[in-house]
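Can you read through this structure? Questions will come right after.
Chain naming follows the written order as A, B and C, and within any one chain the residues start at number 1.
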């Protein structure tokens, strides 16, 4: 379903990677591993369509993602290492805005429910600037509970989370994969996630 | 994707930016104060002679409005870029140009509209007649949104760059020349009792053009900036 | 003879071709400029109204033409680069910008020199001069934006977009400035409408214009060669090339 063909990326004048291929089907998980600066985030952003490959192409349902455009983006959920939270808005407002932006408007009750499942019950109305790093990440990840995207692309999702939150996130990922979703992620932590198939890409130094 | 959700994304961006501006009202009044102060500096630099002030009033108010909108526009995409929201906007399943339209509209409502409302008062300081004051406000009403669209393009091209503000001015001010000429020209014509229709319709034409092409080109610039 | 021109749109093929072309264009520019200056300063008759001061048009007019042409050519290259995602066109656009800015500056400077004896002032807000000034700002904006962005690909694409927007706006700016000028009854003696231009004057100007073209091409090709080597220094062919040139 998601396929990369002979992908190459440059950073400045330097080649980050070349001739990278992968193929991912429903229910499968793709780990992207490698040291810092090996181009993991660039590859994730390329899969999302933010970075245009200097060679090769990314295909979704056998069509180039840039040709598909909005159709592809409706199936996509990307969590970068930036949380996309506004300090002046509350967790609830932030969550509802990002869902609407992603094309899935949610009611206030649904959003409150998702936040409390993420362990933020009673803190929905606090402005994001008073939340801790981990709590901010939880607000960002609450989107995973609400949006119905087929393909999740997550950049270091376990960073700054405590044991309980990691467990919750694993559970969420398992449900997503079991329902035929696709998951691409980078992580430094060793977290086991059951999937129909687990694939790995080792990025060079 | 039906039309309702498409406009929905634009509306929610608009609503969110207005809400953010409401929580940080300082940012809103800064541009307005800048506008007022720049206009008020001219009599101090030139002298209180009514005749000269009357002659330069249209140009002074327009140049100040131009600078004030450029000043506030430098930050248009910066905050969203820094916290990652801009990425999410590009990845949203709606046309990015509509999201840009929402952002620019919010920005104009917050910083452009106050300039329009304040301008007759400033014109009064320069001894403009009643009709000229009306034309001044009308010309700014047509011109400042066009400036916002042009400035948004510059903001998109310079997002995330060091020294963005000065660079933005360098890129964008030459492109604002037509709006400045016809905007100030309209007020000038009104002050000297001439026909203002041609000026205003040309300003309107610029606005329509900026409205049609601006968001689209700005969206392209944003995609390049985040590549 | 069938030549595959697309072959030359790739940097490794273009680099040696550019190297072979540069001497020819440089030589042509030098020879034509000498002839043009000779025609302009010696052969062309003295103007009965303006005396000898008009002779600056042999530099001024070609420079003004070039300033506008180069911006247009730059925008076309930028457009090709954006649409077809070709590296070389981005390099070309970038390589043309400094020369375009230089010609714009020369046009302004010589315009001022010509204006002093003719209008009695170094600078008048004439429609042509004003548009030329704005054109200089557009060039400077393009160059600054390119220089401000570290990533070469983003730099080429962002400034390419700016060049395209500028090119679309140049006619609008020109006509609004012209309108503004007639409205404010400014001085409106036109530089290029020199009364009854003698045929030799026109010839001299044309020769100078062709010389300016050859100069532009030679200089742009030199810059493109540098840019190519700098950008592709990590690729094999560029490394070989550098090794060969070091020998």
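The working rule: a contact is a pair of C-beta atoms (placed from the backbone, for glycine too) under 8 Å apart; a residue touches a chain by one contact, two chains touch by 3 or more.
Small disclaimer: the values here were computed from a predicted structure and weren't measured.
S.K.: Using C-alpha centroids, which chain lies at the maximum separation from chain B?
M.R.: Centroid comparison gives A as the farthest chain from chain B.
S.K.: Counting C-beta pairs in contact, which chain pair has more, B-C or A-C?
M.R.: If we tally the contacting C-beta pairs, B-C comes out ahead.
S.K.: Which chain has its C-alpha centre closest to the mean of all protein C-alpha atoms shown?
M.R.: B
S.K.: Using Cα averages as centroids, what's the distance between chain A and chain B in whole Å?
M.R.: That gives a centre separation of 36 Å.
S.K.: Where the centres are mean C-alpha positions, what is the separation of chain B from chain C, in Å?
M.R.: Once rounded, the distance between the two centres reads 33 Å.
S.K.: Taking each chain's centre as its mean C-alpha position, how far apart are chain A and chain C in Å?
M.R.: About 48 Å separates the centre of chain A from that of chain C.
S.K.: Check each residue of chain C and list the ones that touch at least two other chains.
M.R.: Counting only residues that touch two or more other chains, chain C contributes 153.
S.K.: Tell me, which residues of chain A touch at least two other chains?
M.R.: Only 52 qualify.
S.K.: If a residue has to touch 2 or more other chains to count, which residues of chain B qualify?
M.R.: 227
S.K.: Over in the complex, which chain C residues touch chain B? Could you list them?
M.R.: Checking each residue of chain C against chain B gives 134, 137-138, 140-141, 144-145, 148-149, 153-154, 157-158, 161-162, 165-166, 169, 172-173, 176-177, 179-180, 183.
S.K.: Enumerate the contact residues on chain C facing chain A in the complex.
M.R.: 85, 150-153, 230-234
S.K.: For a test of understanding, state which residues of chain A touch chain B in their complex under the given definition.
M.R.: 48-52, 70-71, 73-74, 76, 78, 80-89, 93, 97-98, 100-103, 105
S.K.: Once bound in the complex, which stretches of chain B touch chain C?
M.R.: Going by the criterion above, the answer is residues 153, 157-158, 161-163, 167, 170-171, 173-175, 177-178, 181-182, 185, 217, 220-221, 224-225, 227.
S.K.: Which bits of chain B are touching chain A when the two form their complex?
M.R.: 1, 5, 8-9, 12-13, 16, 19-20, 23-24, 79, 82-85, 87-95, 99, 226-227
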